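Both complexes shown next keep chain A, but they swap its partner, so chain B is in the first and chain C is in the second.
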Partner chain A sequence: MGEGIFLQVKGITKSFGGVMAVKDMSFEIARGEILGVIGPNGSGKTTLVNLITGFVKPDSGEVFFKHKKITGLPPHKIADLGVTRTFQIMRPYHSLPAFKNLIVPLNSPRIRRTRGGKLGDKDGVAIDILEEIGFERDAYVPYKIASSLPLGYLKRLELARCLALKPEVVICDEIFSGLSMSEISTMVPLIEKLQMEGMTIMMIEHRLRELFRLVNRVMVMNFGEKLAEGVPEEVMENKEVREAYLGTEAALC
Partner chain B sequence: MNILIYGTVNSIIFALVAVGFTLVYGVSRLPNFAHGALYVLVGFLTWSMVNDFKLFYPFAILISLGISSLLGALIYRLVLIRLRGLPTSEIIASFAVGLIILEGLRLQGIGGFKGFIGPFYVLPSFIDAKIKIAGVLIDAQRLIVMLGGLAVVVSIWLFTHHTKTGLSLRAIAQDEQAAMMLGIDSDRAAIISLSIGSALAGLAAVIILPLGNVTAEAGYRILINALAVCIIGGLGSWAGAVLASFVLGFAMIISTALFGSVWESVVLVGAIILILIFKPSGLLGKQKELEERV
Partner chain C sequence: MSRETSTIQRRKERLDRGIKVRTEGLYALTSWREMFYLLVPRTLLIFGLLLSPFFLEMYWQRVLCQAGIYALLALGFDFLAEYVGLVCLGGAFFIGSGAYLSGLLNAKLGWAPFFTIPIATVAGAVISTLVLLPCLRLRGIYFAIISFMFPLLTVYIIIALNIFGGTEGITALATFPNIWVDQYLILGGVIIALFALRRLVTEDIGLILRSIKDNDQAVKASGISITSYKTKAVFIAALLGCFGGAYLSHLYGWVGISQFALDYSILPIAATVMGGMGTLVGPVIGAFILTPLSEALRGFGQMRVVVYCLILIGFIVYKPEGLMNVLQRKYHQFEHWEEV
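Moving on, here comes the complex of A and B:
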């Protein structure tokens, strides 16, 4: 990859008490790539996200974004550089209308810098972003209080809120979980579109079939370690992976 | 009628005292136990500037408020920032800062400083007049308390709902981690909330203190009052704090009218005990909801 390396993780390790949550993980994501991260529950996927985004400080190892070291920076600084994430459990600002949720990132220093200070009608920009991500403008969904929105919208709101920050890397922590098949089938093209627009995406996911349609590469974690990495078909042929992740001889979806 | 008017004034006094504490706690989950000390400090600073340095009264008030908000920011920057996430230590450290301020004010003999001891320190009323409302004689300062309290509550609401900074403070208050992921600096938010909260403590002081003497001991009482209001209203809930101020304010005035003023403090502490027994999260608190979410 060399030139194309966008986000690079080098030998990152974190233990909680005696438990090695993430053990000597190294990997890279190229610009514009979608990397899927899969693994059984408790294999350290969310800790990995927390390590990259600065919520958890690693015991050792480094994270580089555009060849700049970001380990040790606080989360808001990392977000400011352009690496942001969604949360596994949706965390909208419940008491605010959906579009107001986007005003928070639209006020951030990053937006002031990238958009040259002039944003004009922020509410309008927020609603445009929401519409892009599947909020029907005519149905007044963007104006509804976040806590009254159904799950499918909340997931999209979570993503929209990240996108409002104009990030360069988005880390989606189980963005499909809890969604129905039809809701997922509306999310998939959204993510495809994001990639077409040049976004670099890391997806933590349990829904393998949908994930494999999207990703360029997939990485399998087990007990905090990297078990395998490669194109989905290849990785799923790996016997170790099948055993660790799917149990022995389990059917794939 | 007497009870209604004096109850309202008393309630607003409670609200003024508590609103700064609630704001800080609501935004940053920081219990600022130096709140009462800042309140008293502003009282003495203003007194000193008016009497020792012969400054114009409103000017003295503004400078004191500035100092108080700066102190709030410093308390965070120098002390509390090292203790984030350790609630007990946050309480002890901020209380220690409060103790230093309050006992420092009583210190005698250093560089000719006489110490603020005794009942000689009185801030002048803004307007010296008495007005009759519905047959009840009331001094103008109490009216100013009413209007001031109202103005403070309204302006905080406007600030948090209609400004950029206010919105990011609310974002931090609702979900700190999510806000950080959207590029909001939680330390900056905490500094802002503490300096606003401290300025509010000072504002309460300059509005309320002309009604009586300025004494260092008042710092402890003010802190307890603020705590009582916040516990009863639900920690961190602004609407709850205002509601609790009225409950406490009226309960105190009514009990005084019925049984005598000795019962004032019993009502205060009794209310805390009752609320902790029957609704530990406070009148409008959300602690319960948090538990359910986990």
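Moving on, here comes the complex of A and C:
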């Protein structure tokens, strides 16, 4: 990680009404790193994702991607630079085959540029992407209508939509939630493979055990603030983190 | 026993006909029967429209021209509402800007309709798009209200500044050589617009537009500017309306503030509801039914609007999915009642 800081967040703050959703957060992600973000419900994790990807404008603070300021840019410009995200709530095209769901990112200016204006066989590219992410072509899964797919495939479809954009940073907002253990165990190697290919990943997650197997570092949020940051083992030893997750000793009794 | 029978519920079960499934994709070419299945509805529509002038009297031929203009507007309305998620009540603005542009070009520069119509179509669409551009970030009812205001606003600007002939309008414009040109120009326009749009919505751009309607956040996260695609969609719908307007100015040889009238914003909606939202062909058929109907009801005098409204209410209450959706279902599917 000699290239240093890839994505940098500096003192970002956002309040909704009187509620401080994210309060003076600062952190960095190095190229090729997986950063996990955990925290109790309502601790501002998704707002943080929205702030980085431009869906919500911060009250103050800045985000830099490759030393370029990206705060204030509209979401599609940030995605165009290579920072993309999945959504917690997936709304694929229910009436279309799975691979047609990737036509939108495959028509983006970012992909047009990388392919020199020629897009060629988009359906073929879409099916290749889906196959790589675990849609078995032999079983015709990429051709199945999206509404007939189980949740595990829909989560992967959401990830595939991001990957179709050939991004440099992927922010996964709870892609494990709602999945069974076996579904997660097929997702984990996918994420590992992405990292091997040099992708920088930020993962918001509730499933700590699976997350800790994957991440290089983990950051804990509570009430919109950073509580702790470091390697997983270290962080879970932290007394404040244990309290935030499990409650104080008194509450436990 | 009687209680039991009364609680038995029935529902309609629908199954796709085998031939419908067989005619999807390349398999349609397997036999004549399959090809006929696909061709018959399309041929009926095209020839129905193209042959209708031969069966009509002069007066009804005029009505047909008028219906064609409404059909273009309804087509644009359906496209924007169902495929992009923009409820645009600015049909009158499209008609007005197309009509005034071609009227001005004809009156001031003396250009023939052959030139003024294409120029007014494109230039009018550019103006309409630019005017609506700031409102494109609005959704649903907000966009509807704003687009509804523009025609009203323009009328008052024309009256207040007394420009473009003020309340008198611009008269003595060039007209088409005969009633056949009148009719086939608009009928050709409608048919081309209909099939072009049907093609467009299945292309990638149509897919992107539909995903903007369903889930604009995912489109933004896919690195696509939704404003640029909405702009393109509004431009396409405006092209249809402005062509209608430019044609209208030469149909009667006159333009005036009545071309910004609410009829042009409202009747297309009625035609779309009646014809079937989202089918594209439905609104066209709706327009070709409603416009003559509204003429035929002139005999009722003041009661005309009441009868007209009753028909519309009847449709909304009993067949809310619209004429075309019902017909397509009957054509493509078996239906039978099943006890639950």
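Here, the second predicted complex is superposed on the first by the 243 of 253 C-alpha atoms of A that agree within 3 Å, B and C clash if a C-alpha of one lies under 4 Å from a C-alpha of the other, contacts with A are read in each partner's own complex, and residues count from 1 in each chain.
The working rule: a residue touches a chain if its C-beta (ideal position, glycine included) is under 8 Å from a C-beta of that chain, and two chains touch if they have at least 3 such contacts.
Note that the coordinates shown come from a computational prediction; the quantities given were computed from them, not determined experimentally.
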Superposition on chain A - do chain B and chain C clash or fit: clash
Partner chain in contact with A:R110 - chain B first, chain C second, else both or neither: both
Touching partner for A:F27 - first (chain B), second (chain C), both, neither: neither
Contacts of A:T84 with chain B and chain C, given as first, second, both or neither: both
Partner chain in contact with A:Y143 - chain B first, chain C second, else both or neither: neither
Which superposed partner A:F64 touches (first chain B, second chain C, both, neither): neither
Chain B versus chain C as contact partner of A:F223, first or second or both or neither: neither
Interface residues of chain A shared between complexes with chain B and chain C: 53, 55, 74-76, 79-80, 84-85, 87, 91, 93, 96, 100, 103-105, 107-110, 161-162, 164-165
Partner chain A, residues of chain C touching it in the complex: 204-205, 207-208, 210-211, 214-215, 217-226
Residues of chain A defined as touching chain C within the complex: 53, 55, 74-76, 79-80, 84-85, 87, 91, 93, 96, 100, 103-105, 107-111, 122, 161-162, 164-165
Chain A - residues contacting chain B, complex: 53, 55, 74-76, 79-80, 84-85, 87, 91-96, 100, 103-105, 107-110, 161-162, 164-165
Chain B residues within the chain A interface of the complex: 164, 167-168, 170-171, 174-175, 177-187
